[in-house]
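There are two complexes below, and they share subunit A, which is joined by subunit B in the first and by subunit C in the second.
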Partner chain A sequence: MFILDIVSSALLIAGVFFGLTGAVGLFKFPDFFTRIHAASVTDSVAAILIIGGLLLQTSFDLNTAKLLFILAFLLITSPTASHALAKSARHGGLLCLAETTNKPTDERPHD
Partner chain B sequence: MMHIGKWALLLSIFWLLLSGYIQPLLLSLGAVSIALVLVVVKRMDRVDQVPKRISSGLALFRYLGWLFIQIFISSAHVSKLVWRRDRKLSPVLAEISVQNIKPSNRVLYANSITLTPGTLSVDLDDNVVTVHALQATSVDELKQGVMENKITSIWGKNT
Partner chain C sequence: MTELIDLVLLAMLALTALKIIFLKDLFAVVMLFGIYSFLSALIFINLDAVDVAFTEASVGAGISSVLMLGTLALTGRTEKENKRSSLLPLLVVTVTGAALIYGTLDMPPFGAANNPVHEHVAPRYIEESPKEVGLPNMVTSVLASYRGFDTLGETVVVFAAAIGVLALLGVRREKTDNVRQSGFTDHYVLRIIAKLVIPLIILFALYVQFHGDFGPGGGFQAGVIAAAAFILYALVYGLPSAFRVVGPKFLQGLASFGVLLYASVGLYSMFKGGQFLDYNKLAVDPLAGQHYGIIIIELGVGITVFAVMLSIYYAFASQTERGNT
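What follows is the complex of A and B.
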C-alpha cells in the first residue's frame, strides 16, 4: 500500500506540473495555433497522469471503472474540441505565424 | 441481429458499472433506457446501411499503449519549449497524405495527431490531413509515417 501511495503521488505531482506547463505556455506562446499546442499538453498528458494517480488511490472497485470511463471520454473529446477550434479558426481566415511573417496579411488561406 | 445483441451486452455492462445499484427500480430503468437505445440503433442502421460493428478492444489497447508513450515523449518536448527562455518556435503548416489509411481509421489518425502535443490536425479532407506543428521536425516525423504504419499494421491498409 505504501508503495502504491508513493507512485500515486508521483503521478499526481507530475500531472500537476504538466497542467501548470500548459497554463504557462498558454500565456507565453505567440499566436492562437501555438497556444492550442500548449493547451493540449494539459489536455492529454496531465489528464492521463492525474487520472492514473487517482486510479491507484481507489480500492479497485466501481470507482476505478468510472475513472477509466472519464479517461476514455477525455481522450476522445479533448482532441476533437481542439480540432474543432483550429478548424473553425482556419476557415474563418485566421493565418498562422508562418504565413503572417512571409505573406501579406490580407490574403486568406482558404476560400 | 447479431450486433444488436452485442450492443445490448455492452450497454448493460456500461450501465451496471456506472450505477452500481442492484435494485429492481433502477435495474428496470436501465433496461428501459437500453431498449430505447437499441431501437434507435436499429432504425439508424436501416438509414445508414453500414451497421456499426463492435470489434474486440485488444487491437485498440495495443495502439493506446504505444500512443501513450508518444504522448509522454512529445509532451516533454513541448514542456521544454515552454520553460526555455529563448523561444525557438518555427510553427509550420503541412499537408500529410492519409491515402494508405482506411476511411474508418482516419478520425483515429487525426485525433492521435491532435492528442500528441506539438502537432495539431487542422483539417481533414478526402485524402490529406492539414497539420499545424510547433516545429518542423515533428512534421518530418509524421511524414516518415511511424504513426501511419502503426495504424495500418493493426487495422490493415486502405485498398
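What follows is the complex of A and C.
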C-alpha cells in the first residue's frame, strides 16, 4: 500500500507539473499554433498522469472502471479538440509565426 | 481546506464575471460563460450538491454555450459600442449591490447547524424519505416525489421556452440538397471521432436517465446530454443529415409527449383514488408505486428536455444555414 501511495503521488505531482507547464506555455508562446501545442500537453499528458495517479488510489472496484472510462474518453476527445482547433485556424487563414515574419507585407497577428 | 477551495473558486468566479463585463469580443464572452458555469459546478461539488453540479455542468457549460454560439452566428461577434454615459447604471448597480450586502448581514452564519434551512423540512426528508420513497438518492426523492408538482411546472417551463423560440425563429425546411456543403466535410478526424463518440454519449445519457434514482443524475441532465450527442452529429455531418435522423416535426411531438407522460402519471394516480401525482396508488405496494412513478416522470422530463434543447438548436442552426446559402 505504501509503495502504491508513493507511486500515486509521484504521478499526481508529475500531472500537476505538466498542467502548469501547459498553462505557462499558453501564455508565453509566441503564436497560436505553439500555444495550442502547449495547451494540448495539459489535455493529454497531464490528464493521463492525474487519472493514473487517482487509479492507484482506488481499490479496484467500480470507481476504477469509471476512471478508466474517463481516461479513454479524454484520450479520444482532447487530441481531437486540439486538432480541430488547429485545423480550423489554418483553414481560416491564420499563419504561424515563421510564415508571418518571412512575409514583410503581412502584419504580425496581435497577441 | 474546503473554505480555502471555496475562496479560490469564488475569486476565480468574480474574475471571470469582471472579464465578461469588459470584453467586447462576444465569442470570448461565450467561452468565459462556459468557464463560469464550470466554476460554479465545482463550487456545488464542494458543497456536496452533486446533482446541481451535474446540471450546471451539462446545461450551463454544455448546451448553453452551443446555443449562444448559434445565436452569435446569427447576430455577429462584437458588442455594439455604447456611447451613453454609464453613470446612472453604475449608481443603480451600486445601490442594489449595497442593499443586497446589507441584507446578508441579517443572514444566519454560514454552515451553522441551527440555520433555518436545516430545521424546516430537510430533517423530515432525511429521516422519512428512505421509508416513504426508498430511493438511495434523496435528491431524486425530493425532486420527483415530494416536489413532483414543482418539477412538472419546471418541465412545462422548458416546454414553453421551446414554443417561444420556435414561434420567433421557426425551423425552415427547404428542399435544398446541400448535404455536402453543410457540416465539416474536410475534417476527417472530426467525423470519425464523432462517429465513435456519439454512441458513447447516448449510452451515458441513458445511464444518467435510469441511474438517477441511485446516483446523481436524472431526466434534466440526461435530456441535455442526449441532445448534445445529436447536436454534435448536426455540427459535424450537417443539419440536413440530422434532420433525416430526427426531424423537427417529430421533435415537437416528442416535447409535448414528455410533458403529457408526466401529467398522465398524475391523472392515473387520481383515477386510482389518490391525489394528483400520488405515486403510492400506482401499485399495490406504496414503495413500488413510488419507484414506478419516479421512473416514468423522470423519463417524461428527459424526453421533453431532449426534444426542447434539440429543437432550439435546430431553430438557430437552420436560420444560420439559410443565411449562408
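Here is the rule we use: the second predicted complex is superposed on the first by the 103 of 111 C-alpha atoms of A that agree within 3 Å, B and C clash if a C-alpha of one lies under 4 Å from a C-alpha of the other, contacts with A are read in each partner's own complex, and residues count from 1 in each chain.
As a working rule, contacts are C-beta pairs under 8 Å (C-beta built on N, C-alpha and C of every residue); 3 or more make two chains touch, one makes a residue touch a chain.
Being a predicted model, the structure only gives us computed values, none of them experimental.
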In the superposition on subunit A, see if there is space for subunit B and subunit C together, and answer fit or clash. fit
Examine A:Thr58 and indicate which partner it touches, taking first as subunit B and second as subunit C; both and neither are also allowed. neither
Contacts of A:Cys96 with subunit B and subunit C, given as first, second, both or neither: first
After lining up the shared chain so the two structures overlap, which partner does A:Lys87 touch, if you call subunit B first and subunit C second: first, second, both or neither? both
Quick check on the superposed pair: does A:Lys28 touch subunit B, subunit C, both, or neither? Answer first, second, both or neither. first
After lining up the shared chain so the two structures overlap, which partner does A:Ile76 touch, if you call subunit B first and subunit C second: first, second, both or neither? both
Which angle, in steps of 10°, is spanned at subunit A by subunit B and subunit C when each chain is reduced to its C-alpha centre? 90
Of subunit B and subunit C, which one touches more residues of subunit A? B
Regarding the shared-chain residue A:Ile36, is it in contact with subunit B (first), subunit C (second), both, or neither? first
Based on the superposed arrangement, let me know which partner A:Ser8 touches: subunit B (first), subunit C (second), both, or neither? neither
Superposition result for subunit B with subunit C: lowest C-alpha separation, Å, rounded to 5
Common interface residues of subunit A with subunit B and subunit C? 76, 80, 83, 87
Tell me, which parts of subunit B touch subunit A in their complex? 17-18, 20, 68, 71-72, 75, 78-79, 81-83, 87, 89-93, 110-112, 114-123, 130, 132, 134
In the complex formed with subunit C, which residues of subunit A make contact? 73, 76-77, 80, 83-84, 87, 91
In their complex, what parts of subunit A are in touch with subunit B? 18, 21-22, 24-25, 28-31, 33-34, 36-38, 40-41, 43-45, 48, 62, 65-66, 69, 75-76, 78-80, 82-83, 86-87, 90, 96-99
Of subunit C, residues touching subunit A in the complex: 184, 186-187, 189-190, 193, 196-197, 200
